[in-house]
Amino acid sequence: MKQMAMDLSPEWILLVGIALILIGEILLRENSSRFILGLIAGLTVTASGLFVILQGKEVISLFSDSYVSDPLIRSIKLLLIVGTLLVVILSFSEKLAAKGEYYLLLLSALLGAMTLVSAAELVMLFVSLELLSLSAYVLVGMHQERLASSEAAWKYVVYGGASSAFLLYGMSFFYGLTGTTSLTEMSGNLAVAFTNNNEMLLYLGFFLILVGIGFKIAAVPFHMWAPDIYQGAPTTITTFLAVVSKIAGFAFMLRFLGSLFGTQGIQSVLHGVVIPALLVLSILSMIVGNVIALKQFHLKRMLAYSSIGHAGYMIIAIITILLGGESVAYSSLYYYFVAYLLASTGTFAILQVVAQDKSPDRRVLSGLHKRSPLLAFCLSVFLLSLAGIPFTAGFIGKLTILVGAFGNSLFWVAGIMLLTTVISYYYYFRLIRQMYWQEDEKAEKERVSWSAGFVIALTLIGTFLFGIMPQILLQGIGSWFM
Amino acid sequence: MPISKSFLIIGIFFLVAVLLPIAALTLGRFLRASKPSEEKATTYESGVNPIGGSWVQFHVRYYLYALLFVIFDVEAIYLFPWAASYDVLRSEIGLGILLEMGLFLGFLILGLIYAWKKKVLEWK
Amino acid sequence: MNTLLLYLGPVILLLIVLGFVTYAILAERKVIGWIQGRIGPNQVGPWGLLQTVADIVKLLIKEDTIPKNADKTLFKLSPIIAFVPAFVVLAVMPFSSQIQFTDIGVGLLYYMAISSITTIGILIGGWASNNKYALLGGMRSAAQMISYEIPLVMSVVGIVLTVGSLNLNDIVEAQQKTWFIFPQIIGFVVFIISSVSELNRTPFDLPEAESELVAGYHVEYSGFRFAFFMLAEYVYIFAMSSLTTVLFLGGWNAPFGFTFLPGIVWFIIKFSVVVFFLYWVRATMPRIRVDQLMQFAWKVLLPVALANIILTTLLKEVPFLTHYY
Amino acid sequence: MYLTSYLALAAILFCIGLYGVLTKRNAVMLLFSVELMLNAVNLNLVAFSRLGFFPNIEGQIFTFFTITVAAAEAAVGLAILIALYRKKETAEADQYNSLKG
Amino acid sequence: MGILSILLCVPLVGVLVLQFFPKRKFSAHRVIANLTTFVTLILTIYLYFPFQTGQEMQFVEKVSWFTFGSFEPISYSIGLDGLSLPLLMLTTLVSFIGSIASIYIKERTKQYYSLFLLLEVGTIGVFLATNLVLFFFFFELTLITMFFLIGIWGYSKKERAAYQFLIYNGLGSAFLLIGIVGIYVYFGSVDYDSLMKVIPISSFNPFTWTLLTLLLVAFAIKLPIFPFHRWMLLVHVQAPPSVVMIHAGILLKMGAYGMLRFGVSLFPDYMEYISTLLAVFGLINLLYGAILAFAQQELKSVLAYSSISHMGIILLGIAAANQVGLQGAVLQSISHGLLSALFFFLVGALYERTKSTQLENLGGLAKSMPIYSGILMVASLGLLGLPGLSGFVSEFFSLLGLFERHPIYASVGTLGLILAAVYTLRALLSVSFGEQKKSISHQDIAWKEWLPMFFLVVTIVGIGVYPDLISSTLNHTLETIVSDWRG
């Protein structure tokens, strides 16, 4: 009992935090400041992160293997926590956060993401995923006075609901044909199931699940929701979706595919169906995401497409992990996560500062270098990191993925990756151009709240640090889970 | 009694329950008067001609109650199995089983108080 | 023989129920009259015994009008939807240790689940009429029914906790020594209040509040279609009283070891007491306001019901009381 | 074979739901369609749980959770729809088109 | 920290110091930038003396940087050999003069000089890096800084120029990166010295073939070789002259350097195999550039096409694939670097006065601006390869080398030299002589301008008269490369 409490401590803490915020919201008067709740949220997330670190290298398995936690999983949890923490800090200066629910939902979404990462059983996977999604639906619609926000939330609900149905439908086939919902047992039974003359149903199930996962990580052709939702959602929540939700989705993908198709018994399926399907997803995501981003005028929309492109890159890393060809595979994915997290969070933080309540189309950046040279510089760095230019973390991320892809002879994909990267230069640099070349009559300096400033500074330092001295992180990852 | 037979009986109950109104209404058709007129087929509105459509927009409170209902009704799904197997689980797992449901209920109660505070429960 | 009984049983029960309804209505009017110092129906037949029969015949030959603007299919369907579950729930009711039509393991859940279908029938009726009063009445009725369904469902969790089963027979068996009305008194109070509300009876008869909403969801209904809404309501009285008896009053168990009367008789006695109680409430209570009605369910009954659950589990741990829980 | 017919029914339900999601214009109908898809899954799970190759109770437990989640999803969806409806005064989903590039 | 690292850090320190000055202190920015580039120049000159001719990499610094899985660690490794030393000296010299030439930049000087110094870090780094990944880092740094420099301070079509530059070179970088990663995965290392050991002489298979092609395409875009040259024209015309000095003077040579360093010396067999192809491309560049330069109506365009033409000569030298040819290629790089720096300095000075570089608007400058015209004359003569100036030596060596291998191509190549004379003289004549246009002010250049120009002229003459200044350090390195090759 006590052991279980300890093993689940990060999740417990989040739960306590949720309860505290709920109580706080009940006790606080309607028009008093909600800052204290934000503080509670921040502290809770931090504490949860500390406990994740405290758990160290032990391997935990609870509830007859439906909850597992090992260093590898913990490293991703840490990422989710850091992402959420940044969003929480960013929210201190956000009007929306004047509602207690905001932090509450943020924490519950994080809780969902954390259990999602740990879940090794279909029911738990599904419930965690939904906890994450449902909280996110509401968060997206948080801007109640803004039509776009509600509309985005609505679209998210419909697309999200349909995609969960796909996912579940696929899961039901896997359950039915292997007779278990536990992933470990399932992987044992899967080889038999494939020889049971029912492999068509399993393939069907696999593709259905792929639809569900593809939706979650916004991979083409299941990406339609992302631009609308990124655009309509409050910027802080867009950050959350782009970072935490996405990383959790990838972790889910990795867990599911890795534990089912990573086994020896069904290598033919892995190579014959799973990998080609992922390749298609990846290539489509890279091309469509980056090409359509070229046409976008609205910044958040553009970043949405760019994040679709990034999803494509990350899928390559997943493929290399599944192929198991290179030991760098996992660290490359992780590195990419980190780089993406830092750069995206920073970008959105600056967008929030610059655009304030306006709809952020490209023009808000005009002449930023004059108004706030530091902000312009930071945004440039983040964009360069997203574009994968050396001296930023993004480059090392791309490099590691490329090495992995080459190690597994995925030459064409690597080529497409680089080609689309070059395409992506075009729209990233266009923003830089907007900042440095276009003049704007607006002369007053941007007011950067301390919280946004903190987040921007942190992500900037991270982007440079991991870009110039990647060893810190690479070794860190290596020593942690190897 | 095998389970299929139990449901057969329920099916018979259902059939009987459906047949009764059908039979009664069919019977009534032969007995009752039938003199339809324009006025009779008008929608009733306190004796005046109906104004506007009647499928009006409902007050939002109905939806709020519906949402609350869904939440607590679904909660019941978990409460019943838990309650039914409480004794068994109590001896197997110990007080943890109480704790778990206490947590579950606690959060629901918190949610209820929250809704209360947010004036969802008011009928305005 | 068995097969025949299988098919005849429900029909017989239906006839009994219909008979019950016929005289329950009369009895209600008589009882209320008596409580309020009136005479009640006394014109048709001796003591007005044929009053209800006459009413039924009147409804039978009354013209059946359907408003022009109504959604015809749903309009016709809705009384049936409202009535069917009321009768179907009786299938699992253990009237005595012998008389029970079927025993499915989750009788209690079955009752709760099926009975809530009626709400849909009422809602459809209100909507299909295409009438403002009907619609409003239907909506109110639905809101009320779903609001009170929650405490109703929660109030019996205490019993399930004690018995460890959802089977109605097991629940009755568990009450051989102590009726649940005593250890589960809180649950009982919540249950009975909720059930009165579920039955749309005074003081919770707002959906049919004539002074406010003309006649509620069935304002456009006439003749036998109307009769079926009424019938459903009274069949529910039958069902709900039976359930109350089973859950809280020990079912067919004889009190104080008075086993000289067969179980079914005890059941009928207890059942009658519950029915009488319902009449009594109706006769003495004023109708409450709509806002009070809804808030009462959520702010009073539901917390109390939840508290009851927790209390029950806690009492299970208390040394001497464990026996009762 | 029993199982096949259940699976076929579930598949039909799922497809009807999917068709609804793709074609329906009324927002409430969209929600219904999604629910239909989820219910198809429930049917599948229960069928596998009783008649599958490895009948066991897990499928039914799964169904419990699915139902819950579906209910929560419907609740959230409805709440968001109401918020949207108050601003837009229409439930036609193709009128919700202010988000564009 | 070794001297090479210090060399890399000096401009960075300059950037840092710049940040402490307010935006409007233009002159302070200028002084700091000039000082910084001057220090780098002094440092490289200082390097020249302890440099041991006849040895491999010197001043080597190697620190493990980061590791992936089981691969050999990627290290921060820099070094200097006979091939990179001349180019390094060229870099710091041109940077210094470029920073002086930046007096024509009059707005946002803080940003300008910061980027300029960063660009210098990039260019120095490219020539110092002996690790492919590190090389790529610096390579990209030049890309980014150039993008800004062109885009912000360029002329009317600066945006298009910047974008063309970015996309073409980005594409080139992508090819380069694929090549690097391929080499890393295939040979397990990206360090120049370990690659020299690892890559067997007979490592000729489709995979390496593809890798090499990618690398070459990347460098070809940078150089640029004929079908990939469009971006460069725009940059030459649209970028501010001081930036073009760096661009034409150094950045183009990075392509040549890359081909020599990672193509010729790592994969000699392969280079030999495609030498004919290279020669053909070289000729196309040479003739195409020359012919089109003749047709241009604008001074900067003339220079742009002449750059293409001269890059053709470098390519011919590489195609020769022997010591003399390679020597010619390197010499041509340096010579052209100096000449184009001088030329664009001159163009900048001219534009400052005339506000136009259209040939038809110019003319008769020899009368009003004698010093200017004199220097212009020297530069032109250097460009057309007059003996005694650096251009002659390099072209001579390149063609000499080519004669040994492809005599026919070489003889066609000489045709290009004649054409060069034609277009250069045409441009020179229409600028310096002829009828003087009244509409423009003709103030002769000040000492601040002609002094650095003069400095360049001295260097050009110096190399022309005594090419051994460079060849001596170069020769040994090339010898080892070529001897590896034949072995």
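As written, the chains take the letters A, B, C, D and E, and residue 1 is the first residue of each chain.
One rule holds for everything that comes next: contacts are C-beta pairs under 8 Å (C-beta built on N, C-alpha and C of every residue); 3 or more make two chains touch, one makes a residue touch a chain.
Composition by chain, UniProt nomenclature: A = NADH-quinone oxidoreductase subunit N; B = NADH-quinone oxidoreductase subunit A; C = NADH-quinone oxidoreductase subunit H; D = NADH-quinone oxidoreductase subunit K; E = NADH-quinone oxidoreductase subunit M.
All values derive from a computational prediction rather than experimental measurement.
Shared contact partners of chain B and chain D, listed by label, are A. Counting C-beta pairs in contact across A-E and across A-D shows that the higher total falls to A-D. Farthest from chain C in terms of Cα centroid separation is E. With centres computed from Cα atoms alone, the innermost chain of the structure is A. Centroid analysis (C-alpha atoms only) places E farthest from chain D. Chain A and chain C have Cα centroids lying 52 Å from one another. We define each chain's centre as the mean of its Cα atoms; on that basis chain C and chain E are separated by 95 Å. The geometric centre of chain D is 64 Å away from that of chain E, both derived from CA atoms. Computed centre separation for the pair chain A/chain B is 40 angstrom, with centres defined by C-alpha atoms.
Shared interface positions of chain E, defined as residues touching 2 or more other chains, are absent. Touching two or more other chains at once are residues 72, 79 of chain D. Every pair of chains meeting the contact definition is listed here: A-B, A-D, A-E, B-C, B-D. Those residues of chain B whose C-beta lies close enough to touch chain D in the complex are 60, 63, 66-67, 70-71, 73-74, 77-78. Those residues of chain E whose C-beta lies close enough to touch chain A in the complex are 64-71, 111, 133, 136-137, 140-141, 143-144, 147-148, 151-152, 158-159, 162-163, 166-167, 170-171, 173-175, 177-178, 181-182, 184-186.
Chain C meets chain B in the complex at residues 6-7, 9-11, 14, 60-70, 79-80, 83-84, 86-88, 90-92, 101-104, 108-109, 112, 127, 129-135, 139, 142-143, 146-147, 149-150, 153-154, 157, 160-161, 164-166, 214, 219-220, 223-225, 227-228, 290-291, 293-295, 298-299, 302-303, 306, 309-310, 313, 316. Taken in their complex, chain B has these residues touching chain C: 1, 3, 5-10, 12-14, 16-18, 20-22, 24-25, 27-29, 31-36, 40-46, 50, 54-56, 58, 61-62, 65-66, 68-69, 72-73, 76, 79-80, 83-88, 90, 98, 101-102, 105, 108-109, 112, 115-116, 121-124. Interface residues of chain B facing chain A in the complex, by the touch rule stated above, are 94, 96, 103, 106-107, 110-111, 113-114, 117.
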